[in-house]
Amino acid sequence: MRSKYISDFVENDTISEVFLIENKSLGTTRSGKPYINLDLRDKSDSISAKVWDDAEVIFKQLGLSDFVEVSGRVERYQNRLQLKVGSIRALKPEKIDIGDFLATTESDVDEMFDELKRLCTTVVDKNLHELLERFLSDDEFVKKLKKSPAAKMIHHSFIGGLLEHTLSVMQVCDKLAGHYSDLNRDLILTGAFFHDIGKVEEIDTGKGFNYTTEGNLIGHIVMGYRMVDEAMKEIKGFPDKLSIEVGHIILSHQGRHEFDSPVIPMFPEAILVHYADDLDSKIDICRKAIESSTSVDPEFTDRVWELETRVYKGIESM
Amino acid sequence: MRSKYISDFVENDTISEVFLIENKSLGTTRSGKPYINLDLRDKSDSISAKVWDDAEVIFKQLGLSDFVEVSGRVERYQNRLQLKVGSIRALKPEKIDIGDFLATTESDVDEMFDELKRLCTTVVDKNLHELLERFLSDDEFVKKLKKSPAAKMIHHSFIGGLLEHTLSVMQVCDKLAGHYSDLNRDLILTGAFFHDIGKVEEIDTGKGFNYTTEGNLIGHIVMGYRMVDEAMKEIKGFPDKLSIEVGHIILSHQGRHEFDSPVIPMFPEAILVHYADDLDSKIDICRKAIESSTSVDPEFTDRVWELETRVYKGIESM
Amino acid sequence: MRSKYISDFVENDTISEVFLIENKSLGTTRSGKPYINLDLRDKSDSISAKVWDDAEVIFKQLGLSDFVEVSGRVERYQNRLQLKVGSIRALKPEKIDIGDFLATTESDVDEMFDELKRLCTTVVDKNLHELLERFLSDDEFVKKLKKSPAAKMIHHSFIGGLLEHTLSVMQVCDKLAGHYSDLNRDLILTGAFFHDIGKVEEIDTGKGFNYTTEGNLIGHIVMGYRMVDEAMKEIKGFPDKLSIEVGHIILSHQGRHEFDSPVIPMFPEAILVHYADDLDSKIDICRKAIESSTSVDPEFTDRVWELETRVYKGIESM
Amino acid sequence: MRSKYISDFVENDTISEVFLIENKSLGTTRSGKPYINLDLRDKSDSISAKVWDDAEVIFKQLGLSDFVEVSGRVERYQNRLQLKVGSIRALKPEKIDIGDFLATTESDVDEMFDELKRLCTTVVDKNLHELLERFLSDDEFVKKLKKSPAAKMIHHSFIGGLLEHTLSVMQVCDKLAGHYSDLNRDLILTGAFFHDIGKVEEIDTGKGFNYTTEGNLIGHIVMGYRMVDEAMKEIKGFPDKLSIEVGHIILSHQGRHEFDSPVIPMFPEAILVHYADDLDSKIDICRKAIESSTSVDPEFTDRVWELETRVYKGIESM
Amino acid sequence: MRSKYISDFVENDTISEVFLIENKSLGTTRSGKPYINLDLRDKSDSISAKVWDDAEVIFKQLGLSDFVEVSGRVERYQNRLQLKVGSIRALKPEKIDIGDFLATTESDVDEMFDELKRLCTTVVDKNLHELLERFLSDDEFVKKLKKSPAAKMIHHSFIGGLLEHTLSVMQVCDKLAGHYSDLNRDLILTGAFFHDIGKVEEIDTGKGFNYTTEGNLIGHIVMGYRMVDEAMKEIKGFPDKLSIEVGHIILSHQGRHEFDSPVIPMFPEAILVHYADDLDSKIDICRKAIESSTSVDPEFTDRVWELETRVYKGIESM
Amino acid sequence: MRSKYISDFVENDTISEVFLIENKSLGTTRSGKPYINLDLRDKSDSISAKVWDDAEVIFKQLGLSDFVEVSGRVERYQNRLQLKVGSIRALKPEKIDIGDFLATTESDVDEMFDELKRLCTTVVDKNLHELLERFLSDDEFVKKLKKSPAAKMIHHSFIGGLLEHTLSVMQVCDKLAGHYSDLNRDLILTGAFFHDIGKVEEIDTGKGFNYTTEGNLIGHIVMGYRMVDEAMKEIKGFPDKLSIEVGHIILSHQGRHEFDSPVIPMFPEAILVHYADDLDSKIDICRKAIESSTSVDPEFTDRVWELETRVYKGIESM
């Protein structure tokens, strides 16, 4: 646990903390001397920083999304706080408590994971059950699942966001499967569990929330499909037909080609998982738009791109 | 209850039953004599019929979607059964048991309505409660609600379909409001109840399921909005703000301009009602596509327009 | 009539005038003292203003779109004029001459209204005539009509703009109804009169040209339809069919779903009103783009969003 | 003037008339003998015809859209009249009175042309005046203008239709130019005259209304632009700028890229001509849809593709 | 090699051949006796067939796309030939010479395959070389490649079509890689080889050209990606980065989301493979439209859906 | 050849060079004195400049895209270099070496032109050959061709870019015509030569790369068509059919209506030219995006509008 977050900095503080580099560029003073501009971030906020000495040498040592240990002093320039860097050095990601740098779900991660596991145990088909079990008992995978965001920017973009979103979609699916009781509940819950699973590899939690090369060139939909397809192949006797059906739910869950799905939902269970996912994301986007609205209009946010409209802030709870 | 439905006709039957006229046209025989072609329907099937005598006079007495009492004989022509009409006369709609002519929900209408009422009583806001009460206690309205289809062709297109769909959407909303417990449940349930209410006037149940003039020129979305808006104005002290919010849910429930909504959902409760409605319709379309598929492919239906894809028929129940 | 408009301010003027608050935010000086940034507007221009004293207390007293009486001095900062506020206090809207704050039509409002009335008297159908008369003899409505803009930003966005646009569309319709003489002229002129009537409630002229809550959540198309529908219901013997036809023209006048119309024009009179409205708006947008063009290109404006192209400025009058 | 039109044929008539070949194919009887199927047309209707003798030889002599002199007998087959051909031979188009084969405007062609000329004389700019004069005094052109349809199938698709549509658009433009009096009336009227001029070459009136090769591969918009551009180049001193402006109105008159316009209207005069053209076409399509509606619904036509909706037939004239 | 193809049948022939069932349905004669309608196909044409005896029993034994040995007689009914079936029995696919039933490339399959192999040997990167080698030396795969069509209906839809199309795309890529010599030729040629590889599993050559279940629910793009991804994983030391790049070319080769690609080409080599594939398909579609045109217009085919236009048939070879 | 380019300027340099005016505006100092802001450009970079004396007089003498001779001193202001203008005067374009102001192709213009001519000589059809010859032997045209860019901003936007792009498209077409050897090679090469020819008039090379009035209002597609159409008309005996085919290739080469083509490619040769043009542009855009990428991401550029995606920078040459 760090001693001080950016949001608590005041003028003249002397600071020695670890930050994430969000942006870096090299400038030149009027007298021609080079210096470094940095945007540093922890989970509370970000701050501009300047390195005046040895700029060109140090610049090459710093990478985007690196974690750096910085000591320096907080100054005020043109009415905003900035950090005058004394010393700076890169740290290895494994030395870092990622929770200091990225926003984290407000829910309890372990409780959520337990509830997720509980829902998985209600799947009765033995092949699907074994498939889920493989992932839930893979410690490496579980660790990633607990840390991943559900998206880079759009919804549930915080540590644990993927877990929170996956659980919420499973709970919604659980309720809907109860209502549409003629549908295959096992397939629905399994599809809900795996729909976004590719995101554990698509977004690099080690260095901020950037897409990996594979995340960009292959995409989380196909990556998730591949992960689950490989696991199904390893389960002896897993029926081909079932494996195609599970694969289809993952590939089609975005619902439309323009949202990167190579196929469109072709059976009720796939349609249901798509709607549950879409609804959960949209509700989260809507809530977040209201919370973080900076519009001057007291009743409406500015236009929210994903919702294709402005959001009304005036609904009261009961 | 009629004695015989079209699906039970066999060659040489002598028939005297009531039918709905689906199509009519005037033809001429080789010898130049006029005759009438009719497509007659009851809820089981439709059959082609010919009137050979007094064709021109009778033709003018028959309107599209009229109910007619016909006696005649079942013949076979070019390998299909058709009806040779002896006598035919138009009946007044009120003399008809509409259930003989249109498909009917397989669920119990009164049970569904009781469940709908029960859900409405869980709305605690007193203004919304009174609003719902006004509709539920209006016998004329309730009678229409119990008879209306939810759509002319697409989903829940049978007597009681609107009630069945409305109840299903309310049940889905009830479950989702439980999951997204920070949202305003009263507004969600009220919106779910009213979202398709304009359909009781949009589609004319008296004469087959045709759109009324107003259904075509104004549309069920605005018609439903107007019905509810007028009711809210009659409730003393109904808050303006609340009335605008309820109106918005009705107007925006189709979710997109291209589906005739003049506004897009602008708050979470409106988004939720839109998704619940859309999901319930799509599941019904999907089920129906599987049930009524006539494709030669054993695994896939033909392309279903509303789903933008073919439907896979291979999912097994658990 | 005020003594001085913003466009006439020069450095060192001492000012005591009424302004509209377009934007407000709270800042902090280097020494940590809070101050208020305001954007103030009258109909000639807008100016940045600073309140240095009692900032936090005063900030809470000022609302967006409030009218405020301000005394202060005009200074120059970073090469632009700004207002250093001495005293500031909110005024009630009714004390304000709105014409001081918003641009006004260049035509004579009363002359335009007289011409509008004259055109209405040429409608011979007695029901439509009575319908128009109801609105024209409603002083409250007429007052709003004379003040409303036709749009928030796009076309005819000034006091009296709605009247000017409505009159222009009626005049165009009058001419076109003369040309297409087989169409129902009464319906055309009535539709033209009412097509944008919802705008008198959609845009709040009292506090700048902001959309009202209802303007955002319901929209002017449905609001206008409702106003006219209620009036038609109050006229004894107004034919249902005619009322649906008038309603359709209002609801369909935007011509396309993506422009918020829940229905598409379904008969020639509705098509004609849609084209007259669309043409009049586009001509106005085009003229305005030429007048206010700030592009460096001497022959073309920058891209005009509504026209999907740049506008050519080179046409000469005859 | 022919003695008998197809619509007047009755069984057993012996016929000797000229027809247009709309469709032709070669069939084989059960006994293996070849015969020719023809669809023959005059302006009143079309009829199926059979040639039983010398089928293979005659088939090669007949081209699509040829005019043929046919003698034969009217028979009844499967309840429809058809023509049993005795003799058949192709005629040269110049021997034909095209008015016997294609529908003709109901208005007086010479009166329309006189009114068109009168409107052209009101153009005061001497260059535009000379340009119009060139076309009006070109007898070959005028003859084509009087015969051309305005479209192959969509609107004004009859002999004289182009003249009728062009005059109507000019009259509408004349009225609108009076209303928007700050616009350049000369440019508007000239643009209206020329907007569809390419159609005199795009559609081949000699052999039914088929597109010419050039009509398909180049299109009437660019063909019309080229015709007028060449004429402007021949007028000494015709200003370059004016010639570009006239060209732009022709090229942009369809208003949108998807309707084949390579440029979008970029000034008010071009916008106005586009709207006048579009309105006139849509009103004609709408009228025609009502006149020729074969829908069973007494109040609505079937969906009209160009209007993206069904058309309401219920409006009464005043 | 069969003795007689459908296109050579004449009335009264006695036939004993193998056919593919394209369509089947059960009918009833006027006297109420059931019979079977079949559409039978060989590579030359298709023919309607009737089974009059034991219809209900036999119907159940026949599956869609089954191969059947049929003996019977060719009759003429309503001017068309049809087959009166004497005996019929299903055959195992492995007994069939598929070349009798499906159209086959006109090129020499072995020559094409040799040229394909030769082009593969010009890839110098050792990892990509080994990857290609794995597929080329897999006899099972090569056999499928030689038999698969490139599409079910659109282009290269015949036995060997996938090989012909793949070779053509590789040859085009070879030429373009020579022209754009700064690009990575190895990646281009490898991408070209694999771009449609999933089609060997997507379309079932065993029973006509129907999509497999997996072809419908997963699609050839992801199936091909998976095949190649698995092979790359099996090659020791195959660089991750290279494997992502190859995968990207396969996934993005359709170029646009609406054509089922989950990603869009993101580097020049992927763009080039997409264009080569698209061009080769379009040229083939265009040629085929001209060859098989049944339009009555001597110069233009009917509208070709994939080209969004009609095709001009008038270009002469040099 | 100038002595110094902007990219080589350092603080305190005294400069006397010619620049192009990219932007100009008039400002006022705090003391109320007017001054001129200029953006000046040469081919290396652009620089901000201030004129402090006689600002209002000089401002009127300077036009956008004028070339000006400027002497002054390089200063540093807010950490960026700017030019304090001593004297400034407009120059006539003909005095200018345009190569100093605009980027130039890196290839040898004369070598490229020779290769272009060589390819043209391989066209064997005598009419097409003569047509090409007319353009190649027109010195005025050749001069323009050698100087024109292929686009204002998107691809090949430098002096000689049109020649470079045209040659590249011809070379690609040459290779593809070799591969698709059943197509008409003469038509393909001729179409490739002329496809963008209108750009020699669309973009004004005399004053920066701005669109001419005609370039905006008519567009390069129709301008190019007109140039070639006029030349074909001047060639005695040039077949009408061939002239329509050549015209179609030019008009359709953008491939889609939304990219300004009034017709869609309707035969294989037109399709091939469209693909060659599109591919060559996209490859150039992709290369340029990689070269000029300023994104902080080491592996991906920012989103490239024309490619509808970000570009991956990681491919290695072989």
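Miscellaneous remarks
Note that the chains are named A, B, C, D, E and F in the order they appear, and that numbering of residues resets to 1 at the start of each chain.
Definition applied: a contact is a pair of C-beta atoms (placed from the backbone, for glycine too) under 8 Å apart; a residue touches a chain by one contact, two chains touch by 3 or more.
On a predicted model such as this, the values are computed, not experimentally measured, just so you know.
Path length between subunit D and subunit E in the touching-chain graph (shortest route): 1. Taking C-D and B-C together, the chain pair joined by more C-beta contacts is C-D. Rounded to a multiple of 5, the C-alpha superposition of subunit A onto subunit D involves a rotation of 180 degrees.
The pair D-E is the one among D-E, E-F or C-D whose contacts match those of A-C for more than half of the residue pairs. When each chain is reduced to the average of its Cα atoms, C sits farthest from subunit E. Centroids built from CA atoms put subunit F at 61 Å from subunit B. Distance from the subunit C centre to the subunit F centre is 43 Å, each centre being the mean of its Cα atoms.
Multi-chain contact residues, meaning those touching two or more other chains, occur in subunit B at positions 213, 216-217, 241, 245, 248, 266, 300, 310, 312, 314. Every pair of chains in contact is given here: A-B, A-C, A-E, A-F, B-C, B-D, B-E, C-D, C-F, D-E, D-F, E-F.
Here subunit A touches subunit B in the complex through residues 124-125, 168, 171-172, 175-176, 178-180, 182-187, 241, 245, 248, 264-269, 271-272, 275, 278-279, 282-283, 286-287, 300, 307-318, going by the rule given at the top. Within the complex formed with subunit C, the residues of subunit F that make contact are 23-24, 27-30, 32, 64, 210, 213, 216-217.
Here subunit B touches subunit E in the complex through residues 11, 76, 79, 296-300, 310, 312, 314, going by the rule given at the top.
Interface of subunit C with subunit B (complex): residues 213-214, 216-219, 221-222, 225-226, 229, 241, 244-245, 247-248, 251, 257-263, 266.
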